[in-house]
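The following pair of complexes shares a single chain, subunit A, combined with subunit B in the former and subunit C in the latter.
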Partner chain A sequence: MSAEAPRADDHHLAKTDETAMFERLSRSNLVTTWKWYLGVGVAGAVLLWGLIVFLYMAMVGMGVTGYNKPVFWGLYEASLVFWIGLSHSGTLISAILRLTHATWRAPVLRGAEAMTAFTLMVGGLIPIVHLGRNWRVYYALPYPSSRELWPNMRSPLMWDAMAITTYLIGSLTFLYVGMIPDLALLRDKSAGGRRKFYSALSLGFRGTHAQWRRYHVASTLFAILIIPIAVSVHSIVSWDFAMAKVPGWHSTIFAPYFVVGAIFSGIAGVVIVMAILRKAFRLESVLTPLHFDNLGKLLCTMTLLWGYFYFTEFLTVWYNRNPEEWEVFSSYAGPYLPLFLTMIVCNFVIPFPMLCLKRVRRSISLILVPAISIVIGMYAERLLIVIPSLARRNDPFIWANYFPTWVEFSVMAGAAAMFVLLYMLFAKFFPIMAISDIKERLFHTADRTIGGTTVESIAQVEGEEEAHA
Partner chain B sequence: MKHTWAMAIDLDRCTGCGACVVACNAENNIPVIGEAEAGKNRLMHWIRVNRYWEGEYPEAQAVYLPIPCMQCERAPCELVCPVYATYHNEDGLNAMVYNRCIGTRYCANNCPYSVRVFNWYDYKWEKPLDEQLSPDLTVRSRGVMEKCTFCIQRIRRAKETAAEEGREIRDGEVVPACVQTCPPGAMLFGDLADPHSEITRKLKDPRRFRLMEHLGTEPRVVYLKRQKGAGR
Partner chain C sequence: MSTVIVGLFDGVETAARAGRALKGLSLPAGSVTTLSAVPLPDGAVVTDPTPIRFPRIVIAGWFVGAAAGLGLTLATYMLYPLVTGGKTIVSVPPTLIITYEVAMLGALLGTLFGSGREMGLLRFPPKVIHDPRIHDGKIALCARVEGDEQARRTIEAMREAGGTEVRAEEGEL
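Now for the complex of A and B:
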């Protein structure tokens, strides 16, 4: 498992140098480079700019954006769907792969779970950003007001708010519980203030048998519980649109279509984040081409699924030619042609053939091409769902197009910077690699000494050859 | 007594002059936003006059369709508001509580008639225009939705007068600004709950139809179809 030349006794558990392994996996916590400070500085500056522009928008009015009548929703709402969509990676990789005992997930899971938590934090703020009166957002909370006013639970926006907060709390708990043994490890290896910090967070985890058993039960339970939440969250986000009387939005296929799209963009996001982590924290020995190969296979499946969903949705409208819906779809060939082409090319034409090739999936620089193109394509897809349907409403007299102004771009750049900043801080202070899971996997494949003889383990670490190659 | 307020718009009489739009602006403290903002499709009008073209030049003919809020019986806008800022009031109208609105703009998206407008800015009334602001209703702040109310302030006033005099509201006592102004008399307002009112009689006209009836919104605004033929 090491980056150096393989040694013959590498498989012997007693010979695994735990300190060396810890240092290799915890590079992000132990070494702080100038690049990290630079990254935090740049992300912080962009976030600050986004905040200033947001305050400007709140003080002056939504008129500074490109919104108009009838396009009352635009870049903000598309970004909301995009960010919530990105969050679906962590759940899939951690929960589903945990339940199916796919052991290769170990080095990927923490990074993916953290991505879930932070994309949700960013996505969850956008509903507040897009309000006309952000300072009155508490009206939507079910608090005991003296006027006995209650929020309207029939509104999909309320379902949305509840789903996102549930998912955020759930995924934060999932992330934290999974991290406890690693926090305990960090506690044992650190001193001073850091030791106090990790002691408090590791909740007295000492690695006793009973604690491990409870940990395993808890993480399995969380894994089972978080899957329905993840599916429901993106279904409900889709219902913000599908429940409306808007041609192009009002579609029964939206819920599963959004879930598939969410997982699709989520995995692409994980691939990008993993490639960056691997490079930045020198994790080449842990994040091997095998992981990218497996993620690439998942991505390939999702490309096909996404393409299928899009095809069926388009086909029914095209065949039926219901004029209200057909006007929306026709505008894809008009002012929204660039968006439409971006979506089709970036979501299917580029990634599908590339991901079919093992050579691409196993090369970290090559797999970044479909991954980045999918993230761009899915952003275009979200915009294409939100905007043309509003721009081509029932009444042709009020048709109007929409293009965002510098305000929306700045605020959304701030949102992206917020994600980067949160992720960088997390990687610095928390174990970004699931050390105990990696050790567990190592243990399963280690050779055992019985008396004087060494018995070779029959379990094989998948993709070992590649790790050594 | 319960009222069923309704409006009839006779498309045969509408000339598309736009007087209703002006009257509504003056009555309801609607800001005048200027050319630049209007170019961005941000007109604040509570009633608009759609103009469509029928036929090809030189036989082309303009068709006008004034669109106020339909005051739907099953209003899609009310359902989606997370804070009950828009609700069904006791007269069956879609009322709007500006103070409660947080500006999600979902109601505007869900309105098939696109009659809801949004306050993009805090609009100003330069002196002496502020003198014409009606004290009967709020000047809305930035970030809230608004729309045609069937001139609810006039309905309220008529109710109060009737109550003071200890009688029911008489037919024709409540007249919204657009109806009052309409030069060709294409618009009519009244109470469908009163079997003898003019609007009850008028809406027996076989020309009647409602806009986008297939959506099941049950609008309170009923149109009378334009007739074709010589002299029209």
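Now for the complex of A and C:
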């Protein structure tokens, strides 16, 4: 075997037309099509409708929703868990890929991080929507008020508020700091008002050697910090339920089960977002089948893990036959059978066999089937967690079913539209591809001849931060 | 403001050659740097002599956050001593959770402000040395010089190493 070492200037970036690459990767910023305006218009209209309905609900009262004794948590809470869950994988995947120096990470990072930020914004608003007297939301803030009312720190909902706030700030910071070199690039490539806009946002970053070194250490530290925060957030969301003595909720496995479910739905969300970005901004040469293949493998693993957790949770209840808990599980075969079947089919029966096939993972249109299926299945799972436990609560005399009214559907459609709108505006005004990371990867990549074949060789520059710190 | 010699190079190899040549001119530590669109490994062209200190701010941020979280929780218990579910007024598990979250927030903010400060972000001097052509694959090697003789020798060294455009500028490095 003969190996020919690449020279320093043989790297792929030197062979790339960087101007053409910039135009290709910044297409979302440079070209505005009628489809973008249409998308913004539709999302804006749905959001407006959701806002109007929310105001109507605020004025008339929560009686216009389907909430009634004993079900006072319904579609809103299921959606809260769903959106917070979706937020999980963006930053988490990005942080793990950064820490492990995964060479394929660059095109996935920004879109995934943005997804986290916007799903968290949407998710974080839902508790306020559900509040009832929404204008009194400031009562939850810990400050010495004349009412002498302080938040109860022993309430899991307060833990939730703290955790979501920390995660939102962390995710926004992670997204923003990662974007600074690309904002500097846009600053240098633009003129007029856009230049001023990007100049302000890039904070004077120029790409000096000292700045790059510190930027790398900061990115690593953010990644290290954000992973335990991400895990804690969904653990705490699960404790909103698990701390209550409600059958079906009061379970020690809830925290890891929620974390796994969140990562599961989050990766599916990332796959969907990546496929849309690829198609909308013609990023076929950047977001390659390899990226979807790798995400598909992760998704396949998470399918198994989710199935394992769900079975474990079910098994203990099935064996124990505690009547209160068993009634909840029995209702899955009754009024909640459609939801239960949707969950099992969409979370396991469809995705697992499909994701085992390389042909599916490497086909963008085919991998969308399990990804969309998982998002639907996980929404059904969230509904199944929240509603049956309340509808079949301890006292059979108060049992009642719950079905959302047009009010909840409208407000939640508005929430989904808000996510779409935020994402579209972000893609328009900010670099949706991590251009600097992509360039860095090309800079570290060179062709190397081994025997009769030429392979990509990627230099890993590790440990230099520690050596100089 | 000081005089800075800026040399543009087509690739890392030529820039590294110039970097080695500048070492022979005995310029003060920290007065030579690169401007590039991608991070270059330390020592590839220039070496950063300044240690990275902001992780200490991250650790300090964590402790400040932890103290803030602990203080907030304890103060809340004391100011509004409401018995909930038979639990003690000062309950340890919720205190740990809030303390942890605020501590992590403190560490995140410490990373943000510490790294921003050390990177020199949000400082906008009247004239900084910059060349947008770094985004077209060029590497700019910049050296702060004192006196005409040092400037002349630096320009010569950069040109000999293969600098495609070498110029003197007034500004902050």
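Here is the rule we go by: the second predicted complex is superposed on the first by the 429 of 469 C-alpha atoms of A that agree within 3 Å, B and C clash if a C-alpha of one lies under 4 Å from a C-alpha of the other, contacts with A are read in each partner's own complex, and residues count from 1 in each chain.
Here, contacts are C-beta pairs under 8 Å (C-beta built on N, C-alpha and C of every residue); 3 or more make two chains touch, one makes a residue touch a chain.
This one's a predicted model, so the numbers in the text were calculated from it and none came from an experiment.
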Partner chain in contact with A:I236 - subunit B first, subunit C second, else both or neither: second
Which superposed partner A:K428 touches (first subunit B, second subunit C, both, neither): neither
Which superposed partner A:R154 touches (first subunit B, second subunit C, both, neither): both
First, second, both or neither for A:K196, with subunit B first and subunit C second: neither
First, second, both or neither for A:K279, with subunit B first and subunit C second: neither
Subunit B versus subunit C as contact partner of A:K358, first or second or both or neither: neither
Touched partner set for A:A400, first subunit B, second subunit C, both or neither: first
Superposition-derived comparison: subunit B or subunit C, residues of subunit A touched: C
Common interface residues of subunit A - those touching subunit B in one complex and subunit C in the other: 149-152, 154-155, 158
Touching residues (chain side subunit A, partner subunit C) in the complex: 7-9, 13-14, 16, 18-19, 22, 142, 144, 148-155, 158-159, 162-163, 165-166, 169-170, 173, 177, 180-181, 185, 188-189, 203-218, 221-222, 225-226, 228-229, 232, 236, 436, 439-440, 443, 461, 464-465, 467-469
Subunit A contact footprint on subunit B (complex, rising order): 37, 40-43, 48, 50-52, 65, 67, 76, 79-84, 100-106, 108-110, 112-114, 117-122, 141-145, 212, 215, 217
In the complex with subunit A, residue positions of subunit C that touch it: 11-13, 16, 33-46, 48, 50-55, 58, 72-73, 76-77, 79-80, 82, 84-85, 87, 91, 94-95, 97-98, 100-102, 104-105, 107-109, 111-112, 114-116, 118-124, 128-130, 132, 134-137, 142, 173
Residues of subunit A touching subunit B in the complex: 60-63, 67-70, 72-73, 127, 130-134, 136-137, 139-140, 149-152, 154-158, 161, 240, 243-246, 390, 393-398, 400
